[in-house]
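These notes open a run of structures that come right after.
Here subunit A shows up in two complexes: once beside subunit B, once beside subunit C.
On to the complex of A and B.
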């Protein structure tokens, strides 16, 4: 009960903070529109019918991943700069529980990216918004967003120990877009990259969303994205515990 | 059982120096500190910047692991039972940082109340209570980014005592706060003791330690160089005398000559406007004014005064001898 209250309050608190950040708002509003425009022109030039919604979903998920990655990655760094990281570590609940709602809030705001992309595609490029399995889509969307949030939490844990781990988050944006098949199908990638794709929640998330929207098997990718989300949660609990201990030993919780 | 126990506590920071050829560097911040704080006591750790006060407090509040030694708070080991310690303590750091700037004071307190398990019903009452205590009632809906330093500091204290902890750690809580704000904060700290809490305070303001603390440990270069009540510490230098000499343009070599005089315990130089004030502590066994002035031959000398030692003098003598 107390854990649920911490998650709820942390989630709302972070949403409030994100809502007052003009940098975050500007990035969140403008970036998806740019992604969507580029993706639509790319796919339109391919001249294949039925690919516009495919592109819209991919571009939307690119936005969700970017928001999650930078939000979750920057979260710990920003807390360190603000001097609140030590307060989080010094509080009785586990770090994973304290930062889970922050990560979920970041991923939740990423949903705007998906919605903005679909609306932009409908209004400017005439992308039809007909969904083959609307209920499964409604199920796949939160499952994907939550799984991405949990993946972001694993990344965030590394920031507790490494003060400059944001270099890592900058490196991870494009590779995950590509390995997850958000920009183009992973069948175009070398075979050795497949296991990497299979371990990424966005790979299964976009598959579930595309199948729900355009037709295809939804339950298997939906189950896998959920499973990977749960695995990320378990990894983040262990990682936070380990990194917290190491950070207390190496004195990296504060700037000084 | 003491509320806070530190036994031969040590902390070494390992870092590197150099750009291309990186060399390991070890800094011993705390070098074997031992002390105990009893129930309801306001214990002060007094020392100059870099003496190891903050490192000590961070080990006690479980944010840093000691390199060696032991520490317990309310009987719980700070390394092996960190969670038990965290539930029972509150802590406040001095300075601007450590608050969610874009949130209101109320939202900040609400978030931390949740983290410390202040239940839903009690939450509102408790937040109102601490806001009243620190004098922020009526300003709680404003965003923290618009707060003055004094207001932030008061909010820090409100956050630190929100869950009604048994032990409160205050790390230089009045640093950078204007005199009136600092006085109000000291009243709030006194109030904590009146309400039965045990407080460990670090400061480098002598008058603050003198006014607030039941007992003080003077810390310098990572070691405790003196412990006692303010009265006991003052008594340590009570047999001596302090001579204050106003001078204009004294150099370091002359100050060193004064330090070398037989019977001189410590000499400090305070810059005041155009002049410098030499504060010379002597053993008091014999009158040293004449020999001091003789060493200052060639230096323009103004007022010369002699007085009883203060806590500040005791502190200077202890730190100077470290």
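On to the complex of A and C.
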């Protein structure tokens, strides 16, 4: 019961903090809309107008990932700057439980991105918003967002030890967009990248959403994104314990 | 004159080392080299998937545009961070020539922008099969120098806004992303609506990228002289506007006693 209270309180607190951040306004609304516009024009000039919903979904998911990534990277770093990281580490609940709601709130904020690109696509480019399996879409969306949040938690755990977390965030934005095939098929990438794609929750998440929206098999990618989300949660619990101990042993927890 | 040069070169270099947040290798490599590399791959593959333009179109466009990583963010930090770190007051209290202070900050940013662009072009050659003729490389280099200069001048204008604006990083980020949309980096200007291409033509990068594409396709430097001249003109206009704004905001900040205030 106290775990649920921690999740609820942490989620709402972080949601409020993100709501006042212009940086998150940028990553969750402005940036996805700009990238969606670039993708729309590229698809349109290439004569692939039938793929505009494909582009809108992909650009929205790019925003979900960016928000999760920068939120997870920033979460530890900002707490360091504010001097509250030690309080989180010193609290009786496990560190993974304390930061889980923060990570979920980051991913939830990322959902604004999907809403923004779909609305923008509809209003400006006339993208049809007809979903083939609306109920499955409604199921796939939270599953994908929660999985991304849990993946963000794994990243956040490594940032406990790594002092330049924001550099890693800057680096990891495009590679995950590329390897997950968010706006183009991963068949364009070298074959050796395939296993990396399969291990990424956004890869299965966008497949589930795309198939729910445009038609195709939804349950398998939905099951895999859920499974990878649970695996991320398990990894993050171990990683948080390990990195937290290492940071305390080296006395680098609060170093900025 | 010696004092002016000293402030311009030494002052600019020291300011860059002190104010550019991403100067450490642990920050510089992922942010200034890693991110442009993956941006290049992302848009080239997206273009390939969309069947929109040739591969070289995206390689040249993005390899030139990534200089904005240095020019926009670097220049914004080099000016606006003075206020953030609380050193703006002492700087403006000094009798140093303002033009030397302001323009000197652009030199390391310019050098860094050239490095980032060169690295991205090299990645295009090594990873994506970009093969400009050897003869076109000097012309391409000259165009990149002019384009990075104009982008740095644009960064000066943004940095000056940071002397007063509360959230100057928002403006820098927004400018970087809008350049991807308006400057013909990934979309030909002809495809954009008229008002968007008109804005694009007033921004840095647009004419430089167009010239670089023509040269990479085999045109001579003389053939694109008009585009380069326009890009240089845009550089001068932004540098002048940036310096003017810097002086106005300096005076206004002193007058209203909000120099270091947020």
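Convention: the second predicted complex is superposed on the first by the 252 of 256 C-alpha atoms of A that agree within 3 Å, B and C clash if a C-alpha of one lies under 4 Å from a C-alpha of the other, contacts with A are read in each partner's own complex, and residues count from 1 in each chain.
Everything that follows uses one rule, which is that a residue touches a chain if its C-beta (ideal position, glycine included) is under 8 Å from a C-beta of that chain, and two chains touch if they have at least 3 such contacts.
Every value quoted in this text rests on a predicted model; they were computed, and no experiment measured them.
K.L.:
Quick check on the superposed pair: does A:219 touch subunit B, subunit C, both, or neither? Answer first, second, both or neither.
P.N.:
A:219 contacts neither subunit B nor subunit C.
K.L.:
Given the touch rule stated above, what does A:84 touch, subunit B (first), subunit C (second), both, or neither?
P.N.:
First partner only.
K.L.:
Scan A:167 for contacts with subunit B and subunit C and give back first, second, both or neither.
P.N.:
second
K.L.:
On the A-aligned overlay, A:135 touches which partner chain: subunit B = first, subunit C = second, or both, or neither?
P.N.:
A:135 contacts neither subunit B nor subunit C.
K.L.:
Is A:20 touching anything from subunit B or subunit C once the two structures are fitted on A? First, second, both or neither.
P.N.:
After superposing on A, A:20 lies in contact with subunit B but is clear of subunit C.
K.L.:
Is A:38 contacted by the first partner subunit B, the second partner subunit C, both or neither?
P.N.:
second
K.L.:
Of the two partner chains, subunit B (first) and subunit C (second), which one does A:188 touch, if any: first, second, both, or neither?
P.N.:
second
K.L.:
With the two structures laid over each other on chain A, which partner does A:30 touch: subunit B (first), subunit C (second), both, or neither?
P.N.:
Second partner only.
K.L.:
Which subunit B residues qualify as touching subunit A in the complex?
P.N.:
13-14, 61-65, 83, 86-87, 91, 93, 95-103, 107, 110-112, 114-117, 120, 143, 159
K.L.:
Hey, which residues of subunit A end up touching subunit C in the complex?
P.N.:
22-23, 26, 30-31, 34-35, 37-39, 41-48, 51, 163-164, 166-168, 170-171, 173-175, 177-178, 183-185, 188-189
K.L.:
Hey, which residues of subunit A end up touching subunit B in the complex?
P.N.:
On the subunit A side, the touching residues are 2, 5-6, 9-10, 13, 16-17, 20-21, 82-84, 86-93, 98, 245, 248-251, 253-254.
K.L.:
Would you pull the subunit C residues touching subunit A in the complex into a rising list?
P.N.:
22, 24, 26-27, 29-31, 34-35, 38-39, 41-42, 45-53, 167, 169-170, 173-174, 177-178, 180-181, 186-188, 191-192
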